[in-house]
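Order of writing sets the labels: A, B, C and D. Residues in every chain begin at 1.
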Amino acid sequence: MLQLFDFEKPIAELEQKITELQKFSADKEIDLSQEVAILEKKVASLKKEIYGNLEPWQKVQIARHSERPNFYDYVPLLFEDFIELKGDRLFADDRSIAGGIALFHGIPVTVVAQVKGKGTKENIKRNFGMPHPEGYRKALRLMDQAEKFGRPILTFIDTPGAACDLAAEERGQGEAIARCLLAMAGYHVPVISTVIGEGGSGGALALGVGNVVLMLENSFYSVIAPESCASILWKDTTKAKEAAAALKFTAQDLLRLGVADEIVREPLGGAHKNLRQTAEEVALAISKYLVRLRLETPDVLRTNRYQKLRAIGVYQEISEKSSEILEKP
Amino acid sequence: MLQLFDFEKPIAELEQKITELQKFSADKEIDLSQEVAILEKKVASLKKEIYGNLEPWQKVQIARHSERPNFYDYVPLLFEDFIELKGDRLFADDRSIAGGIALFHGIPVTVVAQVKGKGTKENIKRNFGMPHPEGYRKALRLMDQAEKFGRPILTFIDTPGAACDLAAEERGQGEAIARCLLAMAGYHVPVISTVIGEGGSGGALALGVGNVVLMLENSFYSVIAPESCASILWKDTTKAKEAAAALKFTAQDLLRLGVADEIVREPLGGAHKNLRQTAEEVALAISKYLVRLRLETPDVLRTNRYQKLRAIGVYQEISEKSSEILEKP
Amino acid sequence: MFKDIFKKTRYVTIQPAPVQNRSSSEISPQPPTLSKKELPDSLWVKCPKCGEVLFNKDLEENARVCTKCEYHFRISARGRLALLADENSFEEWDTELITLDPLEFPGYEGKLLEAHEKSGTTEGVLTGRAKIEEIPVVLAFNEANFMMGSMGSVVGEKIVRAIERAIELSLPVVIFSTSGGARMQEGILSLYQMAKTSAALGKLSDKHLLYISVLTDPTFGGVTASYASLGDILIAEPNALIGFTGPRVIMQTMRQELPTGAQTAEFNQEHGLIDLIVQRAQMRSVLARLLRYHQGGA
Amino acid sequence: MFKDIFKKTRYVTIQPAPVQNRSSSEISPQPPTLSKKELPDSLWVKCPKCGEVLFNKDLEENARVCTKCEYHFRISARGRLALLADENSFEEWDTELITLDPLEFPGYEGKLLEAHEKSGTTEGVLTGRAKIEEIPVVLAFNEANFMMGSMGSVVGEKIVRAIERAIELSLPVVIFSTSGGARMQEGILSLYQMAKTSAALGKLSDKHLLYISVLTDPTFGGVTASYASLGDILIAEPNALIGFTGPRVIMQTMRQELPTGAQTAEFNQEHGLIDLIVQRAQMRSVLARLLRYHQGGA
């Protein structure tokens, strides 16, 4: 059975009721179709009410759901072909980042993604989706090749954050991420970044410098994990819920803040409820922007990406003139 | 006392004799200045005879002399300033390769060199001058910066070969060397490579793709160590002397084969007999070529280097036409 | 007043921002000398490395380097500037950029005021142009006393403007990093300052203009993972702690205790991540030589 | 006769070389089918991996891949060509380049003759153009049976000419490496073929033309440290041994025994050095897809 969150319980209970009623109706040969129909309507409206008004922390839970589709789940649904290419050519192949050449609607593209595992065993292999420097250097290598051959780049973001251990420090985690940021900003090919689950801090951003940033409806993208934020703010990691609200990191927030360009709809309850439908929405959104971006010249693609980044930030500017005036007694 | 080779013993013995004679003359107050003068003349001619006709194996011994000047010995004599820059920005700082920015006759240059240690302790630190992949990647990083800022590159070759251990294999020794070869061939700045001691195989070549290749008189530059060659040819590493002759790897050979461009004179007996004099000769040779190369355009520098490489190799070409004629009965 | 300047503005990217009729007298640039804030209240301080008890006055006179063991204490942005730049050569830039609280983040306003009190400045970075041994250069210094030099919208914007002006003026850039990383209180906006500053450095690099990054104690997180790591040349001060994840977080999340000396400048150099370690006393001379050698002649 | 062709020429770089009035009939290119040399004398062979005793005939029919465990046996250059290229699409290049003995190296002539006998070819690489699933491509295959595909002047020259022609023709390049490394007997000339081939690949790369390097058993030394490692994409065959220094030399010089599985294709992939491992039976299809996706469309 799927992992069930507290806020989903009313729905599950009602659905259970319907199942019982249907069984009773069948066993006793009593027509309860009207009652069932009413209840089903109620379930539908309850779903809309609950899933349509998820709080940030609830979205975090959905984004981290153990059955949340990961990059490999999307591959066969998004691409006609995918040839995975491994390694950073320097040190190791990091399995928390996957990449390669894919065929998307007949167009060869370079794909790079963070990958969480399903289950403990795979998660250990993939370091719970937390890349080491070699992962970012693999990503950089593959993206540099996309630039060389004029291929669009699609990135998929799904990580709690970059690996935070001694090995990562020893091999220059900061440098590896910074190189990705610098390189992505400079490419002359279309870059579309899609946050499919967790967008955890700098480790997520390293693949996030797109001309377009798409976010799945229940994904989030944050400067810091809500637990860590709570720990810093209130010395209490259990206040993650409050931190989640404070950080304004949902797809809706990011759209307003000028970071995300579009929200990709998920089925009610989250992507794991219907992978195929989610993948179709993702494909649709990517396709829409890819078609547009491919019409632009390389220089425009680069300039527009820079302008997008350049505009991110909120501050006030006091003109020297006006302050001079006010400084008079 | 300096390490003394068998072939140097006649000289040493004669010099010893002179010292004895002088002491005797002083003690007994007998004038032997004429006898001493004759012997000194003899020493001079013996030196010329022996050092002027060194066999390849004897040159190998001089090139590997424990007191042979290494890169750091030359630095203060060649450069007005040297700022060492470390690390590959990926994994480690390899001390068997040193590099940085130096001032040569007032010109900022990028310098990269293999470095053997003096004595066991330093040799362990420098892995006996055998670089790991991180060493070559440091070299590549520094040379790429020279290209970026339009600085000439001076490389100094002195290595028994690239590191040959599991760690080197794990981190892509082949890839690291190959990247240096490709990059060096493509630079638009002057590149001058000087073999100051041992030029051991691919590990040496990785810094050897110069517009100009200078070789110190007693250096050698070989596809394989003479001992390994003897082991393959005659299953006998003690036949290194014969292998040394077969491999044609002295400065004189390489000049004839079109790899070296000029031989830099050493003091009689080798660079370790007079470091300052050797350094002056090295500076003179580098300066001569650097002045010329700096007059060329970036494109010409690159093209000329390619043409130099392109022409290395000896083979025959049979025209199809002539063979057709001969095929007739 | 300063408090009013941290005005709430929700979800609006203001750029160029509307002119605000507010005084900036409170935040006027200080002259490039050691600030009064440099002097802690007590008369003496104990060196964390050698244990020597040092008079604060002696420490200040020695550029906040232990007179016994050369341990490098932290120093303010203006303190650094005074040590580096030719006298009266500094022209400060972008003092008119004022931090807002776009997320209405709990406690942010208070933190900003506190930081202002502590540092005497309005934000975590000081930027401008100056000369070092007569060589013109664009400079930026993180201010540790302002929220540990963390990078929010204003820090990112000031650094990007400095880089963009360096491109216009064809000048090299030297940035001294001291930072805990991205500024949590500005959320995703803060995170994207990493991308924004890196992108600007990419443009600088395309022009073949030199960028020297100097990492000082401490440099972590989003700053390590952006502009601090992207120098053509990376210099560190001795004993500076430099890393991506701080040791406390590594301990908390991975239950991994770092070995002694991990994340020091020396550790980073050993691991190939730093070009050279330079004593504070030599910094001006080393920078001047590097800058000079990148002018195409000596 | 062949023996005469390996004529001594001392210290002269002949390029273009003077026309030699000698027959090349002995060294005419073979048709692109499995060569007779592929068939060893015995009727059966034991798989070194699973121990299965295989009929040579079955092995040949299965492209020299163990029918039980898929262990990949070595295969000749022409054997590979037959498996890869569209029928009758291959045009061989530079068969007229003849190896000399510029150093008068002890025993080199004998070795060359022996290699010729064993391989039925004149040198350690086969080059030309062909089509793979209709896509035109420049191909090169090292020939293990010729002095273990070692790189002397002719191998280097043939590879460089192939690359230069690919540039002229705007075609992608695929090189199958099988090599012990540089050819000792040609001394420094052999060493510099590493630089020469790498330089040519640099020019190819500047033109944004695809280069796929396929590493097969064994690829070592000077070939690993030059063209074999410089592919945009690096493919390896399963169980191929790939490295810089061979295990025997590591043992001799470092007294270090390599762990089981070291230097295999799989080991190399684990260490980030190989993009993908492709079974011989899938090689044609994978190459075709990669080539197609680099034509700018599907």
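Operating definition for what follows: contacts are C-beta pairs under 8 Å (C-beta built on N, C-alpha and C of every residue); 3 or more make two chains touch, one makes a residue touch a chain.
If you're wondering where the values come from, they're calculated on a predicted model, not measured in any experiment.
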*asked:* So, comparing C-alpha centroids, which chain is the farthest one from subunit C?
replied: D
_Pair of chains joined by more contacts [C-beta pairs], B-C or A-C_ = A-C
*Compute the distance, rounded to whole Å, between the mean C-alpha positions of subunit B and subunit D.*
31
*Intercentroid distance (Cα basis), subunit C paired with subunit B, Å*: 44
*Express in whole angstrom the distance between the two chain centres, defined as the mean CA positions of subunit C and subunit D.*
54
*Shared-contact residues (touching 2 or more other chains) in subunit D*: 205, 271-273
*Residues of subunit B that touch two or more other chains: which are they?*
89-91, 171-172, 175
*Chain contact graph, described as a line, ring, star, complete graph or other shape*: other
*Which chains touch which?*
A-B, A-C, A-D, B-C, B-D
_List the residues on subunit A that touch subunit B in their complex, please._
89-91, 133, 137, 171-172, 175
*So in the complex, which bits of subunit C are touching subunit B?*
205, 208, 210, 232-234, 269-276, 286, 289-290, 293-294, 296-298
*subunit C to subunit A touching residues, read off their complex*: 5, 7, 9, 11-25, 96-100, 102-103, 105-107, 153-154, 156-157, 160, 182-184, 186-196, 198-199, 201-203, 205-206, 221-222, 224-230, 243-245, 249-250, 252-254, 256, 258-259, 262-263, 271-273
_Going by the contact rule set out above, which residues of subunit B touch subunit D in the complex?_
162, 164-166, 168-175, 177-179, 181-186, 201-202, 205-206, 208-209, 221-224, 228-229, 231-233, 246-249, 253-254, 256-259, 305-306, 309-320, 322-323, 326-327
_subunit A residues within the subunit D interface of the complex_ = 80-81, 83-94, 101, 103, 106-108, 134, 138, 145, 148-150
